[in-house]
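In the two assemblies presented below, chain A is common to both, partnered first by chain B and then by chain C.
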Partner chain A sequence: MPIVFSNVFHCYNPKSPYSFNALNDINMTIDEGKFIAIVGRTGSGKTTLVQHMNALLKPTQGKVEINGYVNSSNKKERTKKIGGLRQEVGMVFQFPEYQLFEETVLKDVAFGPKNFGATKEEAEEAAKAAMARVGLDESFYERSPFQLSGGEKRKVAIAGILAMNPKILVVDEPTAGLDPQASKDTMNLFKEILASGTTIILVSHDMDIVSEYADEVIVMENGKVAKQCTPEELFGVSLSEYSLDNPHTYKFAEELRKKGLNIPTTSLKNVDELAKAIKENIHG
Partner chain B sequence: MASFALGKYIPYKTPIHRMDPRVKVLGMIFLMVAVFFSYSTFSMTFSVMGAIALFIIVIMIISKTSFLKLLRSLKSLWFMIIFLLIIYVVVPKNDVTEMHVAFAIKGYNFYWESFLDAARILLRLVLMIGLSMVLTATTSPLDLTYALEWYMTPLKVIGFPAHIIAMTISLALRFIPTILEDVNRIMKAQTSRGVDFEHGGFGKKIKAIISLIIPLFVSAFIRSDELANAMECRGYDPNGKRTKYRKMHFKWSDALALVVVAAILGGCIYMKVINFDLFNILLGEGAVL
Partner chain C sequence: MSKILEVKNLQFSYEKETPVIKDVSFDVEEGSYVCLIGHNGSGKSTLAKILAGLLSDWEGSVKVFGLEVNRDNIREIRSKLGLVFQNPDNQFVGSTVRDDMAFGLENRRIPTEEMDGIINKYAGEAGMIQFLDSSPENLSGGQKQRVAIAGILAINPDLIIYDEATSMLDPSGKKDILSLTLKLKEENPRLTVFSITHDVEEAWRADKVIVFNHGEIVLEGTPTEVFSHTKELQEIRLEAPFIISLINALRKQGIDIPDSIKTEEELEDFLCR
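Showing the complex of A and B:
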């Protein structure tokens, strides 16, 4: 099931001096089973946008339809028990490690499934499976989440969402503050989750990540969708007007082209592909 | 977070907003004291309170303080109000010489005076909340602490740590919105994990609150630690002498406002002291209302 936004507006603190229109008339469809990246400058409405996808925020106007759930400003249209939507759309917040609270890691990861009606055994089963997916072994089960390192905490928090088996996974800046290896591991984890049939929606500033992983990019600007296209279509156009930068591989390839090397630029997803293209160009 | 109406600064640009915070603090205290007097008769008390209420309403209109928010903050006090009313009505005061029976149930008398007493208390409460709302809605927390610090300065002579107290207050005030933001963020994160903060029985509510409180404490401790370090790094010394970036200016309009408020308080004290009764003078000696 796709996610459909129809004429969605969102205003924070309406009717006060702090009133702020975060979303202005959003109309778009996000397809199932894809890796979608949402990019845009700080304050462009990315986080507000994704929080409508699991009904944490209610539109001030318009509606969002997800898997038969309707998150609408209109009370009659709005699905009554919208809480169930949150199991289908898992949301990993920015710095998710600040939501941990149980005494043990296992209990914390099992917290989500238990809230959605799983028995203790089922929840622990799901928790163990989720922890295996993010690469936390049995030695972590009985440890306190507060004694872990930052990277491990984040893994626990992500496992806590994965344990609910969401059909759509929304991740807000998952690599912020992680070291390069940890962020690579995290992104590869999302790639695996995508391969198992889950839609991934990633909010990010990092164009290298977008170029390597995303099937589709949504560019947000002043609460509007400025562009919805593939990464290849996006790179090369003037990205600076959205406060965005081209990925490093693109910039590198562009410089090489100026020196006379005939290699593609926008279709290169990562360093390996760039290296391959250069090699073929030299030998071929 | 809309329920935190009381105590939230709203940055309009009105004459009340521009007033010197020191004058606002003192003015509020004067008016509150004036509200607390009761006079020789109920009719006098209510007339004077009515006049003060009118004055406060005018201030609220000028400062664009919302009446809706005042009503909303009363809504959260409804239990206390009902409780007060019952106590006042059921337990009549003995010090009033003349009591007028309103009605009697099974030989137990209910007096008009008790109802009037309850109404007086209620009016006082509303006026006090209104006053403090005007102060906090028109004065930024920082200005408020500056004003408090200024009033505490004379105490420095006896070794009172005025600056440290003011710094503590301003840090506490500064962190209220930050902590509210944290509450909001953690609530959203836990809601995403299936916690329902609005519905569910007692046990579920407790569990929901725990899932909020523990991360909140953790982040509050981290924040305070970071803040302390940041202050140290910038050479903060609690006992050091410092100048101010923003100076408070006492203007002519402030003096005028202070005179008006002081006159109101003075008038009230005078009427109280001489047992002034306007209705007695107007209607002649011995008239009963």
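Showing the complex of A and C:
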């Protein structure tokens, strides 16, 4: 089931002097099983948008349909027990390691499924499976989450969401504060989760990551979807109108073009693709 | 040239038997921009705390401005040293940028009538003058770090230490702080910057790079020297800057790139020649 937004508006502090329209008439469909990136400057509505996907927020107008659930401004239309949606759409917020709280890693990861009604045994089993998926072995079960390194803590937080077996995983700036290698490991983990059939929705400012991993990009601007397309379509043009930066590879290709070497605006996900494109055009 | 930092045979452990820093020695010259890189948990931040006198019981010698870091000297050292920490939300104390900067000046007993002039001057240098009456929640992470830097500039420091000052910022915030740092260095050649970071693009712009792994220095030199050790860096899971990665990828494609190429512009010109 895709996620469908129909005429969605969201207004913070309505009917007050501070009222602010964070979403302005969003209409879009997000297909399942894809790696979707949501980009846009600070304050463009990215976080508000994703919070409608698991009903942390409800629209002030319009509706969002997700896996048979309806998150609507209209009470009659709205799914009654919408809390179940939070199990299907897992959300990993920015700096999720700050939300760890249990005495042991295993208890922390098992908290989610337990909260949604699993028995202790079922929850621990789900927790162990989720920990294996993120690469935390048995030696971590009884350790305190607070004694782990930054990258490990983040893995624990992600495992906690995976333990609920979500069909859609939303991650907000998952690599902020991680060193380059830990960032790469985290992104590759999402790629594996994607391969197992989970839709990944990534909110990020890092265009190098977006270009390398995303199948589709949604550009938010002033509470509207300004563009929904593939990374190649997006990064082939100048992004300054959305006050976004092109990925490093695309910027370099643009400079070469200015100096007379014609690099086509095809996929330039990483330095290897860029080097290949240069090779093909330097001798041809 | 005088030495701003002198670290000799430094050893430190939080718990006995597991040393976090093992026999580390290095110098930082006055007016230089030195980056210390290493992955999460390599002991980088512990080193920053020792330099700022926030830890005790280490072995070896640590001198800042030629003064041994100890209880007698720490006040004098800190009066000329500014620290910028990782989390921009943890270092804002005032309700506006102006109040935040005034707090630091009050602590140093600057007379009220002089404050406005000082605040305007350094907020201007840090590019935050139009935000003086903004409250922190309306600032981006990069702008908050600019405020922290402005507050430090106001004490006229000889040394600024960044402890992963940009690691929580998005790419444009990172770039923003890097260009501010380079601008400040250009305006004041005596200013020394010691930056603990995992941003290799920042390290690429420094005068000297020190690579830390498991509490030891594994590589030290100019960015060009250090980042030419591709294999060693890969072994300790550190990335190369974009320009180095691209040159390596081009060589893999059989394009011969001379060693003399150091900047993206030089590489562009070479490829388009």
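Everything that follows uses one rule, which is that the second predicted complex is superposed on the first by the 261 of 284 C-alpha atoms of A that agree within 3 Å, B and C clash if a C-alpha of one lies under 4 Å from a C-alpha of the other, contacts with A are read in each partner's own complex, and residues count from 1 in each chain.
Note that contacts are C-beta pairs under 8 Å (C-beta built on N, C-alpha and C of every residue); 3 or more make two chains touch, one makes a residue touch a chain.
Please read all numbers here as calculations on a predicted model, not as lab measurements.
Of the two partner chains, chain B is the only one touched by A:115; chain C is not. Comparing chain B with chain C, the partner in contact with more residues of chain A is C. Of the two partner chains placed by superposition, A:50 touches none, neither chain B nor chain C.
Using the contact criterion defined above for the overlaid structures, shared-chain residue A:206 touches chain C, although it does not reach chain B. Using the contact criterion defined above for the overlaid structures, shared-chain residue A:179 touches chain C, although it does not reach chain B.
Interface residues of chain A facing chain C in the complex, by the touch rule stated above, are 42, 95, 149-151, 173, 176-182, 205-208, 245, 248, 252, 255-256, 259-261, 271-272, 274-276, 278-279, 282.
Only residues 39-41, 86, 140, 167-168, 170-172, 198, 200, 237-239, 242, 245-246, 248-250, 252-255, 264-265, 268-269, 271-272 of chain C touch chain A when the two sit together in their complex. The touching residues of chain B, counted against chain A in their complex, run 10-12, 182, 185-186, 188-196, 210-211, 214-215, 218-219.
Within the complex formed with chain B, the chain A residues making contact are 16-17, 51, 54, 56, 83, 86-87, 90-91, 93, 96, 98-101, 111-112, 114-116, 146, 160-161, 164.
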